[in-house]
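Got some structures for you, see below.
Each of the two complexes below includes chain A, the first together with chain B, the second together with chain C.
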Partner chain A sequence: MEELGREHESHRMGMHTEQLTGRTQQVFFSPSEERNFTYRTGFDVDFNKRTELDVADMEATAINLELRRLMSEGYGTIVVKNPGAKHSLGVSILNRLQLYFEGSLGYFGCGLIDGPNVRVSGRVGWSFAENMMAGTVIVEKNAGSTFGAAIRGGDLVCKGDVGSRTGIDMKGGTIIVGGRTGVLSGFMMQRGRLVVLGDAGDNLGDSMYDGTIYVGGKIASLGVDAVTGEMTELDVQWLKRKLAIYGLETPNGVENMTKVVAGKQLWNYDNLEPTEKKLVL
Partner chain B sequence: MCGIAGLIHRGNAADIGQEMTSMLQALKHRGPDSTGFALYGPPTANRYVMRFKVAEQEDVKKGFDIHRQIRARKAAVDERMAEFEAKVIEEDTVTEYAYRTIFNYTGDVRRLADYLEDIENVEILSIGRALELIKDLGDAGGVSKQYALGEFQGTHAIGHTRMATESDVDIRSAHPYWAYPFADVSVVHNGQLTNYWTFRRALERRDHRFVSNCDSELIAVYIADQIDRGNDLEGAMRQSIGELDGVFTYLVATSDSLGMAKDLMAAKPMVLYESDDLIALASEEVAIRSIFPHEIDTFDPYEGEVRVWKN
Partner chain C sequence: MTQDKDIDQYLTGDGVDTAREKEIGQHIGYRYDVNLVPDYDRLTPFLREYMEVMGWDDLNWLEDVHMGYEESRPAVFDRNINGWVTVPPDITLPDNQQDRDMIARELLIRFQMSERHPLVELNKAYRKF
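Here is the complex of A and B:
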């Protein structure tokens, strides 16, 4: 009980002052609270300090530890050669960094990152960039399933095709798929934008709470409580600006993309009392 | 979890024993309990290769009488083969409990297989003109060395590393499964089938045999049943997408083909590499990369997808 009464760092950061009412539980930091924008375990790096790392004969743990060591020495641009589709590379990077993978990654690559700019020249496996918080991640070829699961921020881009359940449980940020996406994409998404320039598989946006999905190709079927919405000028301008950043375009023009949003017929989260919300969370 | 892998060379035979060993060893973390190979050599006319076992690996470590029992079971197999005029050309004792026999035979394969399996504890792993099915406890490197698979030449292969979740750790529950009694048809599977018992009862009523309680065996029997009813391989696989319930990705091989099928939820992984000379598939790209050190383009097949390639 004594533990419950103690003031923690999170209290001092103002994370427990929000009233559990309304639609958001986001905490907005003030620019004056500069120290809250960085992690204690993050590194202060210099983008002009560049190095290359050949990981052909290294295990995943050793590779990630070496990346941390290089960051701790201030390297802000790191090129990883021969990643060989190994799993869990480039995870938990909590600072700005230019990270280039020359080759393909396996499962769970670049998960739990907050801030780095990552580019993968090959393909990535399942659950890439899961729980990403901020930064930009670009995959030049294809990606496996659960691409960008539960991301909260940043831009996550795959220029090729992606597997099933893309953006499942996403809570913010933007996912852009240059090609096709599979079944149950946007499943239970709560916030953010999922942009698919090609076709989308069955049950798109199933049980989505909120957020927006844009599809340039055909949609096999919409999921439960997902409905088409009206494209506004704001949507069009945002899509044009965003796609231009990554050199992408949709053959029929963004004006003709299909917008999918939550129907909110099965959605009663905001109607819950604060105490009930705590139980749901 | 389990890991599955497959490869097919178009045109030429290659070191598929070594290649499949490398792929499955790379998937060891997905299933360390047992490993199995279905390797396809050049098909031969009127000549069959049979892989069979007369005991489980763990049986050999128990009791004083097991060695005498094993010899007696093997003698009974020899006797019944002779009775059915199956002429043995070559025979290898791979382990004390597992054998490889090449024989000439012009009769009904199912009758022969039924008669041999009527001997207690005898299980035929495969009969084929091209197929040799090998499975045992341990990782790919160990099983490959034990059965001398490194030098196996052939056109295509499928394999499996098993993490036992729904049945025992033993050879009978290991993959691949032979689609008994159809020569040269084998299956590996990653996933869970939720209508296993419903389908098993129905198939047993149509005289299909099950040797384990592993749900994956159902796919092999299902494919066998479909072939028995006149369906072709691709048709059978397409039909399975709607009829088998659960989450699954599976591979099927025949004497000249390799096929893959993925359930409607796409809940189990599969990575595919396709070139003019070779098709390779695996639960993880790292398995494909074990035989391709250079960069390659791969992709995930989609939900409900069925593909079949010929060599």
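Here is the complex of A and C:
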């Protein structure tokens, strides 16, 4: 409560006197801009500087703070041993980093990340990599429900099976499932790509606004306003390239995958309410 | 796909084309094909270097970045400021969407990583630890 009574730093910087005139920014980049590939607010790390961290006796908050401290010291490769399926590990890393978990993670692991390359040798719980922004994340075994919920960018890969609602509300990025995915996968997705090499459960792509789903196995049923689309040569090239990066293959060949897109009948630009529209469809 | 349409559709018009769009007076949907996957033969040297620095084999999150068109001007959507950032008028746009998308990706990285990006100021003001 004491914080509320103080004048915030942002006021001293004059940020509250700015007149907002619209959402389009008039100024873009200068051609003479310095070449820089990482955020100004991030840590300068070296992938060749490696360390190991045994977290068997540490709490989640302490582990995440220790990861931050190691990055501030320039460590670009961190191996976390004995994660013990603890929840919320490896979250909010807005940095380039090679991060390896030797074991399994609990709920909400690796959420809100922007940039790191993560590999988990075990399994992961619910909502893994939720709100991921950028980077690559590979899970060697299975994952729980809402895998990659609301992901906005990057590659999220589970080599095993995943639970229900995979990629729910995804707004970008690529989710690849090496095995099967549960019901309501791609529910309300808005963009991005969901690739399932095995079978997909009921109501795939229900209420999807946009984006693309590729399925290599059987689809139990499509959700409302999800329709099959036509595979293009560019789709095939992209899928082959992407799957090769992660050493994955689809049993019947990429060309024979089923492409699912939005029928775009549920978009909210009509007099009918969405629920009414669903009944019509 | 986008290549089949007039590449300058949203530069020369307001995007209000269909009967339904005319009825409601606004464009429906994105001003580009969000499902268009990148053609990696058109990567710029800057983007190749960016991928190498980040340790990625492909464009990663930039696969979802496209050249958009806002208020009849070419623009790129910056998710970190939740707004469109216009492309300088002296840049000549290529005649296909794939090359335009590559330019958009490069411009966005240069902007996001610069000292002029609004996140730098926000970070100074609000960072807690």
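Just so it is clear, the second predicted complex is superposed on the first by the 226 of 281 C-alpha atoms of A that agree within 3 Å, B and C clash if a C-alpha of one lies under 4 Å from a C-alpha of the other, contacts with A are read in each partner's own complex, and residues count from 1 in each chain.
Please note the rule applied: contacts are C-beta pairs under 8 Å (C-beta built on N, C-alpha and C of every residue); 3 or more make two chains touch, one makes a residue touch a chain.
These numbers come from a predicted model, not from an experiment.
Examine A:125 and indicate which partner it touches, taking first as chain B and second as chain C; both and neither are also allowed.
Only chain B; A:125 stays clear of chain C.
Determine, under the contact definition given at the top, whether A:167 touches first (chain B), second (chain C), both, or neither.
A:167: touches no partner chain.
Check whether A:217 is in contact with chain B, with chain C, with both or with neither, and answer first, second, both or neither.
neither
Touching A:141 in the superposition: chain B (first), chain C (second), both, neither?
After superposing on A, A:141 lies in contact with chain B but is clear of chain C.
In the overlaid three-chain picture, which partner chain does A:106 touch, first (chain B) or second (chain C), both, or neither?
After superposition on chain A, A:106 lies in contact with chain B alone.
Of the two partners chain B and chain C, indicate the one touching more residues belonging to chain A.
More residues of chain A are touched by C.
On the A-aligned overlay, A:178 touches which partner chain: chain B = first, chain C = second, or both, or neither?
Neither partner.
Can you list the residues of chain A that touch chain B in one structure and chain C in the other?
No residue sits in both footprints.
Quick one: in the complex, what on chain B touches chain A?
264-267, 269, 271, 284-286, 288-289, 293, 295, 297-300, 302-303
Report the residues of chain C in contact with chain A in the complex, numbered from low to high.
Counting only chain C, the residues touching chain A are 1, 20, 24, 28-30, 34-40, 46, 49-50, 53-58, 60-61, 63-64, 70-71, 73, 75-76, 78-79, 81-88, 107, 109-117, 119-121, 123-127.
Under the stated contact criterion, what part of chain A meets chain C in this complex?
Residues in contact with chain C: 8-10, 13, 15, 23-31, 33-41, 47, 96, 98, 115, 117, 133-136, 152-155, 172-174, 191-193, 210-212, 232, 234-235, 238, 241-242, 245, 261, 264, 267, 269.
Residues of chain A touching chain B in their complex?
84-87, 103-104, 106-107, 122-123, 125-126, 141-142, 144-145, 160-161, 163-165, 180, 182-184, 201-202
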